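Both complexes below contain chain A, partnered by chain B and then by chain C.
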Partner chain A sequence: MKYVPLILRNVSRNKIRSLFTGASIAVSLFLVVVLYSLLMVQDEMAAGAEQYNRVAVQNVQGLTGNLPIAYVDRIRKLSGVRSAIPMSWFGGRYSDEKTTFAQFGTDPRYTFDVYEDYKVPPEQLKAWQADRTGCIVGSLIAKNKGWKIGDKLPLKGDIYPVDLELTVRGIYDGPSSTDREMLWFHFDYLDEALKKKNSPMAGNAGIVMLRATSAGKIPELIEDIERAFASSDAPAKALTEKQFGQQFMEMAGNVRGFIRYTSIAVVVALLCVAANTMAMSIRERTREIALLKAIGFSRSTVLGLFLSESVLIGMLGGVVGAMSAKLLFELVDFSKAMTGMGWFYVPWSTTLAGVGLATAIGLISGIIPAWRAAQISVVDGLRRIA
Partner chain B sequence: MSDHADSVVQLLNVSKGFFREKIEIPVLTNTTLHIPRGDFVAIMGPSGSGKSTLLNLCAGLDRPTTGRVIVNGQDLGELSEARLSKWRSENLGFIFQMYNLMPVLTAQENVELPLLLTPLSKSERRKHAAASLRIVGLEDRADHLPRQLSGGQEQRVAIARALANDPVLLLADEPTGNLDAASALEVLDLLESLNAQFGTTVIMVTHDPKAARRAKRLLHLEKGTFVQADLEALEATR
Partner chain C sequence: MRPAGLMVPIKYNLRSLRSRKVGSLMTIFGTGMVVWASVFAFGLHAGLKHTLDVAVHPLDVIVLRQGSTSETVSGVSEAAARDIVALPGIATNRDGKPLAAPELVVIAYLSRRSAPGKANVSVRGAIPLSRELREGMKIVQGRDFRPGVREAIVSRALSERFLGLGLGEEFVVQDSKFTVVGIFEAGGGAVESEIWTDQRVLGQATNRTGGMSSVQFRAASKDQQQRLIARIKADEQIALQAITEEQYFADQAEQGKLIKYIGNMIAIFLTIGAMFAVANTMYGAIASRAREIGTLRALGFGRFSILTSFLLESLVLCILGALLGCLGALALGEIRTGTMNGATFAEVVFSFNFGPEVLLRGAGLAIVMGLIGGFMPALRAVRMKVVDALREV
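After this line comes the complex of A and B, so read on.
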């Protein structure tokens, strides 16, 4: 502790340099923390969903294929299935908006049984179930778009050759691990519209989402489902909700790998920047280091002093960068600007890991310069012209 | 040894050479020196005669090629690097030509620097540093940074720092080399009074015959060996 004032004075002796080094660490850490939060929050959501024992059934061709709607009833009858619903991604455009958001045709009778973690007031659920053109929307998207119960939502079909005229009958909510930016409507309403247009898409659901009676039943259920439809025209593949979610990440390529390698590159670049700063700082202080050693500071004390400086700069940069990321996504609502990203937040665990990473960067980048400082010869150092 | 029991510094048959491109350049040759406790010795000699090397050997900052260096009863050759650091912090005070104060620390904090290595509490360190600054007459400049002080004042702070741990031996390498005549005089007065009042042994390397005159004893080094000093002749050549 008695060396703290000396360390602080040395860190702040060249304020501009310390500021720029700290800032480069802060900005990079901000980026790393945000990128890693994407992975962490998705894992968190998947882990949160796992306790509800949901299984997604899709065409073996993947998400481009469909499943006959009759599969829903057949799946409901399988042993170990608590309930099942069709889920058809409509992908329509609302009003004049250029981007779409999650809209699913489903079965209102069982939706909140399969998605038990999502909550809706009973009277709103009843109103939705009773209205064939009714829909339920997530609390976040309702807030961002200013929707309220009774509002009409015209959706222009993009994937499907039909337009829908929906009425908001309820607003669901849920914990942070749930997606509160979806819209659910009656699958039957969509299917009737497709039949009227003689569309070959009629009579098909995108996927079937089911809820198993217990987690232990899931492996057996997956086998049963795949076996049951193996020889049909539309063979099915069953996935746990977590595996189903990972598919989307994989569709965008190896996003996890990309984030990891980007983060590693950022960390390596930071190590070089911080090490260079420390090396410069030490070169400028050769005489002072020699003086410290002359008056009795041991090599290990000199090493400790310089490592502490480096760690302090790294830690301060990390605190600023990681906390900025945390506070920014905590205080500013980005869901309006980035529809579909309303689930995103920066977890405390990632924030603290970011601070830890920055501290480690400070420590590692300081090792070689500090070691060299400790090795400086007193005689040579004192001869050096400042 | 018994003849020199009161010696603070003993150099016994010390030789020191430096290697430059594999060729050894001798700096000190078979030098023997005894400096009794309470002495004030000035060492003079031309550049390259081995004055600073001698001082570095006495401080344990460098090791002799052959021979022994004994300071305050301790054979420095027996100490490891780490123990030598600790020994220096307990026994020596340094004064340099360039003052070598930490520019980011105040006068008070600079004086406290060697005390950080002692078990003294913060308040005790402050008290010691304040007392040292009082001795050099700079107690009113305790909160000033080195850049806010004159050269003479900086050197007095450096002297206060050298005194802070109550050393048995004060090593001064050209302490007046960077000062104007008035400041040099102040510093020499100070060294003289420290030696006279506190009995602190002082070894001062200098090029200045006037500074050398203030010492009790003058040693003259030439080509690594001590020769008879002739101050008058030296002064005449300046």
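After this line comes the complex of A and C, so read on.
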């Protein structure tokens, strides 16, 4: 502990240099933490999805295949199923927006039983169940688009040749692992509109989401479901909610890999930069180091002194960078600028890992310069001028 | 007497960089990594964008169901398609036939070759005229599909990425087996993410006879194009919409925005981080050369030429870094990848684009790093008093 003041003095002897090194670590760490959070939050959501015993049933042909709406009742009757709902992706356009958001036709009776982690006030749920053209929206999207209960919400059909005239009847909420940017409406409303137009697209449940009575029942249930529909026109595939989520990551391709490569490049660049600074600052102090050794400081103490210095700079940079990433996404809501990004946040685990990474960068970048400093021979060092 | 405008020879800076070998190399390597990562991110977005807007003829128009934004979810009845093909104002080919093709697009759900999982792939049911609307397409292996049988041709990119799409292999579209008889290339563009087969065969195989996904045509002129688009829109009976293909793909490219944002964010943050690093290196360089700077001043080099000299030195560092970064990106060769197109729900295959524009943007970043990072240190060099500087050990 007695060396702490010395280390602090060394860190602050060339303020601009320490500041700049810290700043370049901070800025890059900010970036790495944000990029990694993108990956971590996806994983976290997939892992969190397991505890609610949900199973998704889809056409074997994938998400664009059809499942007849009659499947929902058949699945609901299977043993081990607590409740089941259709989830028919509408993909409509709201006002003149170019991109769509998640809008599902469902069965309001069971929606919040299947999604037990999503919360809605009971009177709002009742109002939605009672209104055939009613819808219920996530708290985040409601806030960003300024929707309030009672608002009219027209959706122009894109996949479907019909438009919907919805009224907001409720707003649901949930913890950060839930998707609070969805819109739920009555499947029957869409289906009747399609039937009125004689559209061949009527009667498509899209996918069926069910909640099993217990986790232990799920493997058996998946087999039962696949067997029950195997020889029908629309054979079905059942997936746990986790597998269902992974499917989307697989469809997104190796974008995740690219995020990883970029982060690695950033870290390697940082190592060079930090090592360079340390080397410069030690070269300047050759004479001082020799003096330290002349008055009896051991090699390991000298090594420790310089390593602590670079670790301290790295750690400070890491704390500033990682914490500002954490705070920025905590305080500023970016989902307004980009619908569909409302799930994004910077987890504490990633923030701390970022600080750890920065500390490691400080340590590794200091090893060679500090080791060289420890090797300096007293005589040569003292003789040397700058 | 000061020889006005006399510049410090650049040789001086180059020699100085050489005499501080390790430090210079570390800085070059660091900026190189930063340029590399930025170019990588830019290349990803540029590749995706290139795929969605290359090879689109400015006179081409696509007709979809009103409200649809992509072919995979659109529907056009056969009768309406026939009416559209017969409209006056559509360009004709050498045989005098209108350059218009009703096409059917369905989705096949196929397994990836090298990664786990499955993805959606677009299968296009085409007619012979479809080919004339996409001039770049040519078969590079095998032969064309024959009409009336379950044969297909596949883009080279897809055949490498999905099981069952290699030459001679079989794949399944909604329970029907198709054989791959040919591999084609199209010089980039959306077609590079498609499987092509006979329109009627595909319609029968998927129970979609009588319904098309879209009609593509080429207008005879810009005026005709506008007239035809207005005319199709005005016909409320058929409830269709016509948009230029340029617009169609531009709308789909909106989906690539997230990649663009992330790419820009990476570049901006890394550049700022690297600026600090460059500034550090230059401060170090200048501090250890105080005496030299004093000597230069004493010799009569002006403040301006010293400032320029040190800025140049930092620029040289960064440009070498940029060179390294760009070469590193080019050394990756052709990286082909794919992601889901949010508008069609189908895989879009594209190559990273490390074209001149992308590389120049990377180099531009390096110049910004060099100039801004080098400015404050260079200013310090200029501010040194000759006497003090000479006295420094």
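Basically, the second predicted complex is superposed on the first by the 383 of 386 C-alpha atoms of A that agree within 3 Å, B and C clash if a C-alpha of one lies under 4 Å from a C-alpha of the other, contacts with A are read in each partner's own complex, and residues count from 1 in each chain.
Simple rule for what comes next: a residue touches a chain if its C-beta (ideal position, glycine included) is under 8 Å from a C-beta of that chain, and two chains touch if they have at least 3 such contacts.
All values reported here derive from a predicted model rather than from experimental measurement.
Q: A:Gln247 in the overlay: touching chain B, chain C, both, or neither? Say first, second, both or neither.
A: second
Q: I'd like to know which partner A:Lys156 touches here: chain B for first, chain C for second, both or neither.
A: Only chain C; A:Lys156 stays clear of chain B.
Q: Touch test for A:Ala279: chain B only (first), chain C only (second), both, or neither?
A: A:Ala279 sits against chain C, while chain B stays out of touch.
Q: In the superposed arrangement, which partner chain does A:Leu331 touch: chain B (first), chain C (second), both, or neither?
A: So A:Leu331 meets neither chain B nor chain C here.
Q: Is the number of chain A residues in contact higher for chain B or for chain C?
A: Of chain B and chain C, the partner in contact with more residues of chain A is C.
Q: Is A:Val255 touching anything from chain B or chain C once the two structures are fitted on A? First, second, both or neither.
A: second
Q: Mind working out whether A:Gly62 is in touch with chain B, chain C, both or neither, as first, second, both or neither?
A: Second partner only.
Q: Does any part of chain A touch chain B in one structure and chain C in the other, and if so which residues?
A: Common interface on chain A, chain B vs chain C: 386.
Q: If you look only at chain C, which of its residues touch chain A in the complex?
A: 22-23, 26-27, 29-31, 33-34, 36-37, 40-41, 44, 65-69, 72-73, 75, 107-109, 112, 115-120, 174, 239, 251, 254-255, 257-259, 261-262, 265-266, 269-270, 272-277, 279-281, 283-284, 287-288, 337-340, 342, 345, 347, 393
Q: Please name which positions on chain B make contact with chain A in the complex.
A: Interface residues on chain B, with respect to chain A: 56, 59, 61-62, 81-82, 85-90, 92, 94, 96, 98, 100, 102-105, 109, 113-114, 116-117, 122, 161.
Q: Going by the contact rule at the top, pick out the chain A residues touching chain B in the complex.
A: 2-3, 5-6, 9-10, 12-13, 287-288, 291-301, 378-379, 382, 386
Q: Taking the complex as given, what residues does chain A use to touch chain C?
A: Those in contact with chain C are residues 16-17, 20-21, 23-25, 27-28, 30-31, 34-35, 38, 60-65, 91, 93, 98-99, 156-159, 161, 163, 246-248, 250-255, 258-259, 261-262, 265-266, 268-270, 272-273, 275-277, 279-280, 284, 338, 341, 385-386.
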